[in-house]
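Two complexes are shown next, each including chain A; its partner changes from chain B in the first to chain C in the second.
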Partner chain A sequence: MMQFEFSAITRSLPELWIGVQYTLALVFISLAGGIVLGLLACMGRLLGRGLLAWTCVTYIVTFRAIPEMVLMFWIYYCAPLLGGVRPSSIIAALAAMSLTAGALLAEVFRGGIGGVPRGQAEAARSLGLSEFWVWRSVILPQAFRIMIPALLGVTALMVKASGIASTVGVTELVYQASVTAGQSYRYLELFTAVGLFYFGILFPMSMVAKFYERKLALRAR
Partner chain B sequence: MGSTFAETETAVAPPRKKTSALQRLKQSFDIGSVLLIAVIAIGGYNLIQWSRVSTLDFGIIVDYGPALAKAAGMTLSVTAVALTFGLLIGVGLAVFLELPIGPFRYLIIAHIEIWRNTPLIVQLFWVHFGMPALTGISTTAIQSGVIALTLQSSAYLADIASGGIRAVPQGQWDAIKALALPGRTGWLQVILPQALKIMIPPLGNLAVSFLNGSALLGLLSVGELMTVATRISNFTSKPVEVMSTVALLYLVINLFISYLTNLLERFAGHRYDAV
Partner chain C sequence: MDSRQNHAPLIQCVNITKRFGTFAALTNVSLSVFKGEVVCIVGPSGSGKSTLLRAVNGLQTIDQGTVTFDGITIPGPSRNVRLIRLEAGMVFQSFNLFPHMTIRKNVTLAPMRARGLSQAEANERAERLLKRVGIGDQIDKYPDQLSGGQQQRVAIARALAMEPKAMLFDEPTSALDPEMVKEVLEVIRELARTGMTMMVVTHEMGFARELSSRMVFMTDGAIVVDAPPREFFGPSTDARLRTFLSKVL
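Then we have the complex of A and B:
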């Protein structure tokens, strides 16, 4: 049995810090891309029928059902067919993560908007509010409150998915940890530290999500 | 009279329009979406490098079809094994959480939260490379993969199962007490069958996400779909064809799982109503 050597972690802190920066960048940028794609897909799906709605549904169903890792490799290899240039690994990872986040978020947005009781919009319209203000001050604020737990869930999923970007060679946390661990063969120490880092981000997030879920359930009663 | 009421109701209902398939198709092609699709199509046509597309050779998929099919089977069985063990452990943990076990419940909660709130890829590396240093037992790639998947699925399933157990109506618990059923009978024949039915939709989602997660086992060269795909694409240097096919395979398998879940939900729900 090996000794648990804390110095193995402290020694590689500079490398791990680079990884943390890349991880956070991946999560935030892919979420931003996902929100744009998700809003578009959600609006398309809310049309109900027509070619556009059908395209959006196909997008949502497809990108929720393909593994992140396959998608990253696929974009990495297939993008040259579309633009003629091979994307860098981080662009491929970001594209894959944004596309998945967009598909997940579209359903979250739709669930939030669908969760607002129909009577709210009807009441606002019968009070003579214009369609813009019906959405701006009646539907969307309530929908956002309903969406909070699911939004946190998608963010957590993206944090977890960012680790997969190491498979295409993005120097994020998991990649940095496995490279440094490969040099010193201190996998246990480094991956415990990395696991704790992710836990430190994800656990508070899931607690907040649970708190909001309980609050919403109480309100619904 | 009851019949007059029924008559007025039918009279109010608007007559149903019969639309032919052609009409429905025409309705779905509204101008906005046609324009958008046209823009996408023209842009795509100019962006696509046709000289490269023409060199694609999907014939190799036929050559490597059996290998890919076998690997897909491997993916399915690894996921199925992990989910089955995960379900057993998870339901067990959820039942223990409802029993008076004192401080042990915090251990169970810690297990659930730790394995739920870390990425699978970290768990995989931790189990495969880290655990041998801790326990002295080294596991093969496939064992580590199944262990990591099982542990994570057990945590998710424990969470889902305790939700399912709590969703069983209070009257059922009261009935167990009123009939003085022994604990084991109460759990196995009253609570758990109902809880399992409630668990079906989240179980289906979990199956899809673990099938996707199992692609990560490719990192340890377990021999499932992703491993074989990278091997074939390296060997033939035709990654585009192989990766497209593999993505399609995952898509089809996942859609099939969702379809099965829907069927199962309807079937179980029907039975539930009949009881």
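Then we have the complex of A and C:
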């Protein structure tokens, strides 16, 4: 009979720690890249015309529809055919995750901005404020409040998507756990630890987001 | 009324036309408002009253015609719209206070960011104006902690904080519960007494009659009657106006 052997986890901690670092790096870097791409795509879609707006919409629609895993594989295996260079597994994973996050965030940003009542911008403009201050003081702070739940959703998605990077060989948490478990046959223990780790980041994060959402909802109705 | 002969109008709309698709919201509308005048604009809904008012400060782009406000004309150089907005205060039907800012911040924002007043100057001005509209003790609350009438009075103070040359009111009491209409009208009335130039789109006939130097009646995107209140409410006016007045009075 299989027993839960706690020491299997403690023995593998050094390997798991490497995995945690890679996982966090994947999430943070891809979110940062996604925010930049998302802002550009959202602005292009909202303010641009013609080819620019079309490009942004096409990017958003396409990358929202492709699963991260397919995208990661595609970049890893097909990029060499197109550009002649084989990207390292971490670059392929980051590129895929950033592109996906950007497409998702672009819509989150657009939804948040669109959720601010039209009268708010009109009131701000009617006071003679410049566009900079209209956005900085009136539209964006209110849009951000509306976006909080969706931002959390995208972050959670990226945390989970980072696990897929194991399939192209990034030594993140899932990869490290599979390798060490493969040696010791302690899958139960190691993947329990991995599950707890993901839960340990995402659950407190959703609590914090809930707290802010509730606090801000008191102010913005 | 001397100013009418001697000076150019403060607000001058010339041949304004605006279409929304195939719907003609405004057709060749011309209107002049002189310094110190209170012009009340009435008419059935959809007659173009709000569209005309919003054209004055460029919130509504127009297809033809021009608006000249204190010598600044739109359409014109791109900065003109903002120059007009700096001098024309606007009050909306739905208040449009910024819900994420305190009352104080609502009133000090534009004076600081668009007029370059210091925090202290803007604060002093906000406190003075809010006291004037009877909100002095609520200055650090948020808009949603105030009643509709109080919010609209804050909105008036917010516009006045820019020390505008004229005020544009877009149905300022239409979204209010009946018991709150009076307090807002009282503030506007007090403002009229100080000689503020005003354009007021309203359904409050009694108020308009008492306050206005001129009454404008619009229907189907055109100005049909433009007359002093005595004449406007008199017996020998336009048939469409008579029908409208018989419905609202």
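Here is the rule we go by: the second predicted complex is superposed on the first by the 202 of 221 C-alpha atoms of A that agree within 3 Å, B and C clash if a C-alpha of one lies under 4 Å from a C-alpha of the other, contacts with A are read in each partner's own complex, and residues count from 1 in each chain.
The rule we apply is simple: a residue touches a chain if its C-beta (ideal position, glycine included) is under 8 Å from a C-beta of that chain, and two chains touch if they have at least 3 such contacts.
Small disclaimer: the values here were computed from a predicted structure and weren't measured.
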item	value
First, second, both or neither for A:145, with chain B first and chain C second	second
Per-residue contact with chain A, leading partner among chain C and chain B	B
Chain B versus chain C as contact partner of A:125, first or second or both or neither	second
Touching partner for A:82 - first (chain B), second (chain C), both, neither	first
First, second, both or neither for A:135, with chain B first and chain C second	neither
Footprint of chain C on chain A - complex, ascending	117, 119-120, 122-130, 133, 137-138, 141-142, 145, 216, 219-221
Partner chain A, residues of chain B touching it in the complex	27-30, 32-34, 36-37, 44, 47-49, 52-53, 113-114, 116-123, 125-126, 129-131, 133-136, 208, 211-213, 215-216, 218-219, 226, 229-230, 233, 239-240, 243-244, 246-247, 250-251, 254-255, 258
Complex contact set, residues of chain C against chain A	57, 59, 82, 85-90, 92, 94, 96-100, 109-110, 113-115, 142, 144, 155, 158-159, 162
Residues of chain A defined as touching chain B within the complex	1-2, 49-55, 61-62, 64-71, 73-74, 77-78, 80-84, 156, 159-164, 166-167, 174, 177-178, 181, 187-188, 191-192, 194-195, 198-199, 202-203, 206
